[in-house]
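There are two complexes below, and they share chain A, which is joined by chain B in the first and by chain C in the second.
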Partner chain A sequence: MVLLTLMAIVTIGVVRLRNLFAVVILGGIYSFLMASVMIMLDAVDVAMTEASVGAGISTVLMLGTLYLTKMEETRPAHTPLLPLFVAVVTAGGLIYGTIDLPPFGDAAGIIHQHVAPHYLQNSIVETSVPNVVTSVLASYRGFDTLGETVVIFTAGIAVLLLLKGRRPASEPDSNAAKARSRRRRPKA
Partner chain B sequence: MEGLTEGLFMYMVAAIAILVALGLAVFRALAGPTVFDRALAANAVGTGAIMLLAIVGFLTGRPEFLDIGILYALLNIIATLAVLKFFRYGDLGHAGEEPKD
Partner chain C sequence: MAALQELVNHYNHWIAVFLMVAGLYVVVARGNMVKKLVGLSLFQTSVYLIYLTPGKIIGGTAPILSDEFTVYSNPLPHVLILTAIVVGIATIALGLALVVRINEAFGSIEEDEIFEKDVEA
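Take a look at the complex of A and B:
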């Protein structure tokens, strides 16, 4: 509960602050708090992913992005009332949806009655993978995982294409980077 | 049994103290006038998360959470180094300072 309150405070800080450098650091803090909440919910693997992706890689990537943009966020040109209204309505719908959910950790919940017992009992026989989570991800839902991988691969290709377009076309790649850093050095 | 409950009580008190410390660090990150305050606060929050992870591990009887704590510490170091390097050079790809002649 305390962690969630802290996360809400950090979120408000992210929205209010105009210094993007501080916002990046606050994002890292938010990820660590989120990872702590995941640990409280006994999802250590998700917490580890959250900490490594959210606090580690995202912070570094965001700093790299800051190098390409400005440090200060400009004032928004329009009033935030309409987006606020949409967000409040969406949040209300989501909270209304959680009313029907079974209580946390309920063994009689629907999610534990459908296919989970089958996976738990037959995963060794059917897939001979000792870890049930791995067998579900890689075998029972193999096509799902393949789709996810394709999506991430496509996103990676798109990012590479975008980054490649920034380089001047006349210089070869490695020489261009070296020349740029050489040109910048007297300034720094 | 008496000693066990005392141990649990101790872990609970430690967890609450760490939560208070996390709150103070978050306040410093929000209010911090300089970048260094914020970087230090982010580092402190990471450390607090590691401590909380370890204590929850002992509270639920799974001290192998400590391994994950080591991973968190490594990530924390990388993030802090990236932040400080960016602040020093304004560029993550900078080669660092050359020795002066």
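Take a look at the complex of A and C:
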């Protein structure tokens, strides 16, 4: 609960600050808090991914973009009243929806009755992998994971194509961009 | 007392809703494109929280099978969210590459200035 409250505070900072460097660093802090919350929710694999991808790679990519563009955000020309109204109405609808959700940590929740017990009971027998997340990701749902890698590969190609046609006038910049693209390729 | 119980039961959901609408607000209200992408990632991470919360069982442990434990949290949301994180970083990287190109073409990453220059051109 403390972590979640901290996350909400960091989010307020992200929304209010105009210095983009500070916003990106707060985004990194936010991702680390999110990873800690995930550990509390027993999602250790997801927490590791979030800490490396969310706090690590995406912060680096954002900082690289800031290096190539600008650090400061200008004041918005429009009043934020309409977006604020949309956000508040959406929040109201979603919170109304959460009232019907099962209480936190309840073992009798619907989610625990369906196929999840099958995976937990048969993972060792069928795949001999003790980590059920791994066995579902790589064995039961291996083709889906292959499709996911195709998505990453496509995004990697698109980023390379976009950054390749850059003008050679800014030579050190394009080197940095290439290094960025190269760094994110092995993630696939 | 009932209100307190309700708060404990739904605190995760409500924080996730707050993060989600904060991301939505940033995406809609701010003209700066890097800020918009930060808002987009806020929105995405709030969805991770919504998915992972019901998978947790109080007294359960991470879904790595062992003789010492009998109650495990649900592994399926974890698998889904692992995929979502990786696809999320792909979209963010693509968006940032587009921002770099837009900055090159227009000399700005503010939406209003770009629209002005687009009308002129």
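The working rule: the second predicted complex is superposed on the first by the 151 of 188 C-alpha atoms of A that agree within 3 Å, B and C clash if a C-alpha of one lies under 4 Å from a C-alpha of the other, contacts with A are read in each partner's own complex, and residues count from 1 in each chain.
In this section, a residue touches a chain if its C-beta (ideal position, glycine included) is under 8 Å from a C-beta of that chain, and two chains touch if they have at least 3 such contacts.
Here the structure is a predicted model, which means the values were calculated and not measured.
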Next on the checklist: Quick check for you: in the superposed arrangement, does A:Val88 touch first (chain B), second (chain C), both or neither?
Outcome noted: second
Checklist entry - Residues of chain A touched: more by chain B or chain C? => result C
Checklist entry - After lining up the shared chain so the two structures overlap, which partner does A:Leu66 touch, if you call chain B first and chain C second: first, second, both or neither? => result both
Checklist entry - Between chain B (first) and chain C (second), which, if any, makes contact with A:Val125: first, second, both or neither? => result neither
Checklist entry - First (chain B), second (chain C), both or neither: which does A:Val133 touch? => result second
Checklist entry - Does the superposition put A:Val44 against chain B (first), chain C (second), both, or neither? => result both
Checklist entry - Can A:Gly28 be said to touch chain B (first), chain C (second), both, or neither? => result first
Item to check | Doubly contacted chain A residues - partners chain C and chain B | outcome: 24, 42, 44, 64, 66, 177, 184
Checklist outcome for this item: Listed in rising order, the residues of chain C that touch chain A in the complex are 8-15, 17-22, 24-26, 28-32, 34-35, 37-39, 41-42, 45, 48-49, 52-66, 71-79, 81-83, 85-87, 89-94, 96-101, 103-104, 108-110, 112-113
Checklist entry - Which residues, counting only chain B, touch chain A once they are in their complex? => result 19, 22-23, 25-26, 29-30, 32, 35, 38-39, 41-42, 45-46, 48-49, 52-53, 56, 60, 65, 68, 71-72, 75-76, 78-79, 82-83, 86-87, 89-95
Checklist outcome for this item: Interface with chain C, chain A side, in the complex: residues 1, 4-5, 7-8, 11-12, 14-15, 20, 23-24, 27, 30-31, 34, 37-38, 41-46, 49-50, 53-54, 57-58, 61-62, 64-66, 68-70, 73-74, 76-78, 80, 83-84, 86-88, 90-91, 94-95, 98-99, 101-107, 109, 111-112, 115-116, 119-120, 123-124, 130-133, 136-137, 141, 144-145, 148, 151-152, 154-156, 158-159, 162-163, 165-167, 177, 184, 187
Checklist outcome for this item: chain B partner, complex, touching residues on chain A are 2-3, 6, 9-10, 13, 17, 21-22, 24-26, 28-29, 32-33, 35-36, 39-40, 42, 44, 47-48, 51-52, 55-56, 59-60, 63-64, 66-67, 177, 181, 184, 188
